[in-house]
Amino acid sequence: MPLLESTARVHATTVVDRRELAAGIIVLGFDAPELVAATRPGQYLMAIPPGGEVCATALGIYEAQGTRASILFFVTGKRTRALAELRPGDALTVMGPLGVGFDLSGGVRDVAIVAGGVGIASVLLPAQALLRAGARVQLYYGARNAALLVDAERFVTEGCELLAATDDGSRGHHGYVHEALARAPHAPDLILACGPTPMLRAVAKVAAERRVPAQLSLEETFACGVGGCWGCVVPIAATSAQAPSFPPAALGGSDVVNARVCTEGPVFWAHDLRW
Amino acid sequence: MVTRVTPDLSVQLGRLHLAYPTLMGSGCYGSGIEYAPFVDLARIGAVVLKSVTRQPRLGNPTPRLVHTPAGMLNAIGLQNPGIAWYLEHDVAKYADRPCAMVGSVAGFSIDDYAYVCERLAARAEIDAIELNISCPNVASEGETFACDPALTAKVVRAARATTDKTLIVKLSPNVTDIAAVAREAEAAGADALAVINTVRGMAIDVEAWRPRLGNVTGGLSGAAIRPIAVLAVYEVARAVRIPIVGQGGIETVTDALEFFLAGASAISIGTANFTDPRTPERIVAGLSEYLQRRNLTRIGAIVGRANRGFANRQEYEGDQG
Amino acid sequence: MVTRVTPDLSVQLGRLHLAYPTLMGSGCYGSGIEYAPFVDLARIGAVVLKSVTRQPRLGNPTPRLVHTPAGMLNAIGLQNPGIAWYLEHDVAKYADRPCAMVGSVAGFSIDDYAYVCERLAARAEIDAIELNISCPNVASEGETFACDPALTAKVVRAARATTDKTLIVKLSPNVTDIAAVAREAEAAGADALAVINTVRGMAIDVEAWRPRLGNVTGGLSGAAIRPIAVLAVYEVARAVRIPIVGQGGIETVTDALEFFLAGASAISIGTANFTDPRTPERIVAGLSEYLQRRNLTRIGAIVGRANRGFANRQEYEGDQG
Amino acid sequence: MPLLESTARVHATTVVDRRELAAGIIVLGFDAPELVAATRPGQYLMAIPPGGEVCATALGIYEAQGTRASILFFVTGKRTRALAELRPGDALTVMGPLGVGFDLSGGVRDVAIVAGGVGIASVLLPAQALLRAGARVQLYYGARNAALLVDAERFVTEGCELLAATDDGSRGHHGYVHEALARAPHAPDLILACGPTPMLRAVAKVAAERRVPAQLSLEETFACGVGGCWGCVVPIAATSAQAPSFPPAALGGSDVVNARVCTEGPVFWAHDLRW
């Protein structure tokens, strides 16, 4: 049986570093050289929480350098609570890298990255790659308040221009992050975005208005995370290069198919989405 | 004198011989290929493929999944490209399969089932057929066959007529008397029974005031339903003589043993693959250890042994040695 | 302008008025007296008493309980002293009751139900009657009435004829179409429906090779069954006009809200009292807060609002203010 | 409605002390003066594990003095694992005291207490009460090995005579604890026992043979712990003072009724049990 051409594997790793960036926002670093070698910007992994909860949980690959990768997550429920209990020296099993990453080909020079809340976890690697390739990277970074703009300075150190937005005005633009993007004097070549679905919809609208191509990293409830259950779909144009193999005649005039966020995505072109 | 031999975990389901008594649940394991980077497929018994229908189906609207206490609800809605496209594009991928491939057939009429079953079973890459007459997520389009003993008999008879390959009939727990349905399926020619499919359920978003699933209702799987599934297997085992593939919330070797002791000859793992894809190999290793510890040489020795009271099963041979 | 008033949590079930929409599940809360040291009974709506039968019953053999993932199995087997002794020795204790007392009636024939119902309902200390026609743990002695719409109609009609007090009929989830049973119960004169009793299940001791329960099978309760119960309430709410007492795995205010939104007018708490006896008061406090936050003045405002599509309920009035 | 004459209450307490007596055997001390004041030897409490597991868990009241009570438990499953995670300063809610304790009336002078494994948790208070009343107390204490004879010296310090038994012979009698009891040169006035059911059955047999009255503290799976669910029953003689109120005519010749271990017990006279 032909295997998928996949570099994803189960990695039994060890936590080597734990930082609490803000109350309930954790970064766990772990040694996984093969994962690092295989990871492309925008990919994610499935973390298996200790204690055998019902499903593993999808998390962006935040950092990946040398032997060290990390995840950054908000403690929202059972599974992230279990992960938050891990300390350096504890075992951690992850599956990855998974999904398609951002498409950074095409020699883009001027990129706006939009991150909302925990979306920040998926945009460090693309920012680093773009900066390495000599692009200008503006980070539009929104959160409820200044304290939740975690690791913002890190991105500045890497070379990004930071444009913060907070719901309460405690730092940067007072309001939504897409509003800051809409007001930017010149449009970028490309927009990359990761964050809550309402933010992504708003970014897609701004991108369409300003006629800038945009890639959105979507979030859906996952079960398998590897393409086996078809539980995580989003409707996209049947003409998209990311559309799953499907008989065109079956669509009965509709041009929409359901693509798996975990496998065909999580990154889709905004203009392909039919949500 | 006790010699520790590697126990025989193989199982016979009609004409189908499996090296391991572990099947991967339909709809949970894609085509198996998706899991190949994470598990050694040669160490599992069979993959039951995602159910396929006569016509292509776009499936249910998103959200299709909700996590619930010790389980999950799903309402995928049988998204699949339809049998014609499936035969043309997908089946050939299983030619060099490292484990058995069981095709799963779903439908909305008896004719649908017979049509798809015949075409799928004709392919050499498909080792057996499972009839999914119990999907709870397409009910709007018609009654679930497995909720009606008479309909079950008809659809099984029609499918049976199309192939000599092993025919597994998948039953629904959403009935008052699952044993009655099981007896009809056996009489109509089923070689084995898959017990159980998901339990119907629902979850509500209390802020948005709407169902959490796009399809409103869904099927509950995972550890939450295990006691329901164990009982279903126990009752079916006392009603029929054909082998049972037990399933519903199996996560550990202890869970698997409950099903064998209740009367299952093989087990199926679905939701627990989402917790950890290494679950099937852990269970196989655990079964070997358990049998060795009790000086049993084959998995068949424990099938149906939870209650010495039932007489219609032949596997009883007691602890040996 | 928004004035924050304490929302009205009271509920009317037939002639029975409850100050709070929280009932304590039959069989889980004894006579209420057992819990009096731990909770303020004046802050709960009603205690549904342990089911009583015509003849005394010694109940099932031990073990009667097994803990399972996010739930538990029980097989008590209706241990009770029989109606005569109960009327003589137990009922008088409820004279100064701080909350409503709902008598629960179980039986094995239509005549049993009518006999016990009449005598129990005649007592002033008993505010309403619940007909437990859905106990899964005595099935060996006869079919469960609630698994058959026709039998349900007969037994409800017989009980109805014996009393004018509120008659709550408790339905079983172990059926294919609970709405059909609900319609019969309504037509036969039920004032309200309790949805759901426990789901049939089983657990096996894999070392001893025998069922974990003395009764072999039991009833599954707790969070594990919540999605099953929410769906049952949702389906019954679309089939009948009488109020529903929703139950099955309610542990938190969010869980309770799922049931109200699905169509329950009141809720019942069973297994969650075993986690923490403060559960009912937490839920009542949480309901008040939720209604205040959404500027709603009464619990009835959210009943059945999970789906704007159903037309036969009158509580819809939308967020106010 | 007449309340039960019960001194049991819900107590919201704080852990003040945590000791690990052996691997997986924990003592948690907490401040609960009202609980202490109400506790009689042999009573138990229901501990509500943090995190909202399905049921609270029954544990003997190990120590009770002044303002301080404690529980002693073996980590066997989910609920005891959750309790084991508590540290000084953490909140702990308990319900108690519950059940009937040992009957220490009647001026007994020479008492054998038999404890198996975790049964030790329920016998310190009766030992202390008997010693205070001037009785001789022999503690027959069995465990798998010497390391699991936790707090044995504590009982000696209190004034008990210790007769240890271990399955592996690493300390005291090599074998079961009831064998040591059977061989004792003179019979005591009274036997009190707490431990696994097979041990209790063996103790009951020895007691009958030697014609010594014995009180056994039983263990059953509990749900409510307060008498509300009738899930925890054991068959006892209908003539027992502990038999629940039940119509005698209903028994149809049988002299057995099911009594709740949580409420009529957990301590029963061995001669009343019909198990």
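Quick notes
For reference, chains read A, B, C and D in written order, and residue numbers begin at 1 within each chain.
Assume contacts are C-beta pairs under 8 Å (C-beta built on N, C-alpha and C of every residue); 3 or more make two chains touch, one makes a residue touch a chain.
The structure presented is a predicted model; accordingly, all values stated were derived computationally and were not measured.
Chains touching both subunit B and subunit D: C.
Averaged C-alpha coordinates give centres for subunit A and subunit D that are 55 Å from one another.
Subunit A and subunit B have centres, each the mean of its CA atoms, that are 35 Å apart.
Mean C-alpha positions place subunit A and subunit C at a centre distance of 46 Å. Per-chain CA centroids place subunit B at a distance of 34 Å from subunit C. Annotation for subunit D: no residues touch two or more other chains. Residues of subunit C found to touch two or more other chains are 70-71, 223. Because contacts link the chains only in sequence, without closing, their graph is best described as a line.
The set of touching chain pairs reads A-B, B-C, C-D, using the touch definition from the header. On the side of subunit B, the complex with subunit C involves touching residues 68-71, 73, 147, 174-176, 199-204, 206, 209-211, 216-218, 220, 223-228, 230-231, 234, 249, 254, 257-258, 261-262, 290, 302, 305-307. Here subunit D touches subunit C in the complex through residues 1-4, 6-10, 48, 52-56, 93, 95, 220-235, 245-247, 250-251, 254, 256-258, 263, going by the rule given at the top.
For subunit B in complex with subunit A, the residues that touch the partner chain are 27-30, 32-38, 41, 50, 55-56, 58-59, 62-67, 70-72, 74, 76, 79, 81-82, 84-85, 89, 93-98, 222-223, 251, 271, 273-278.
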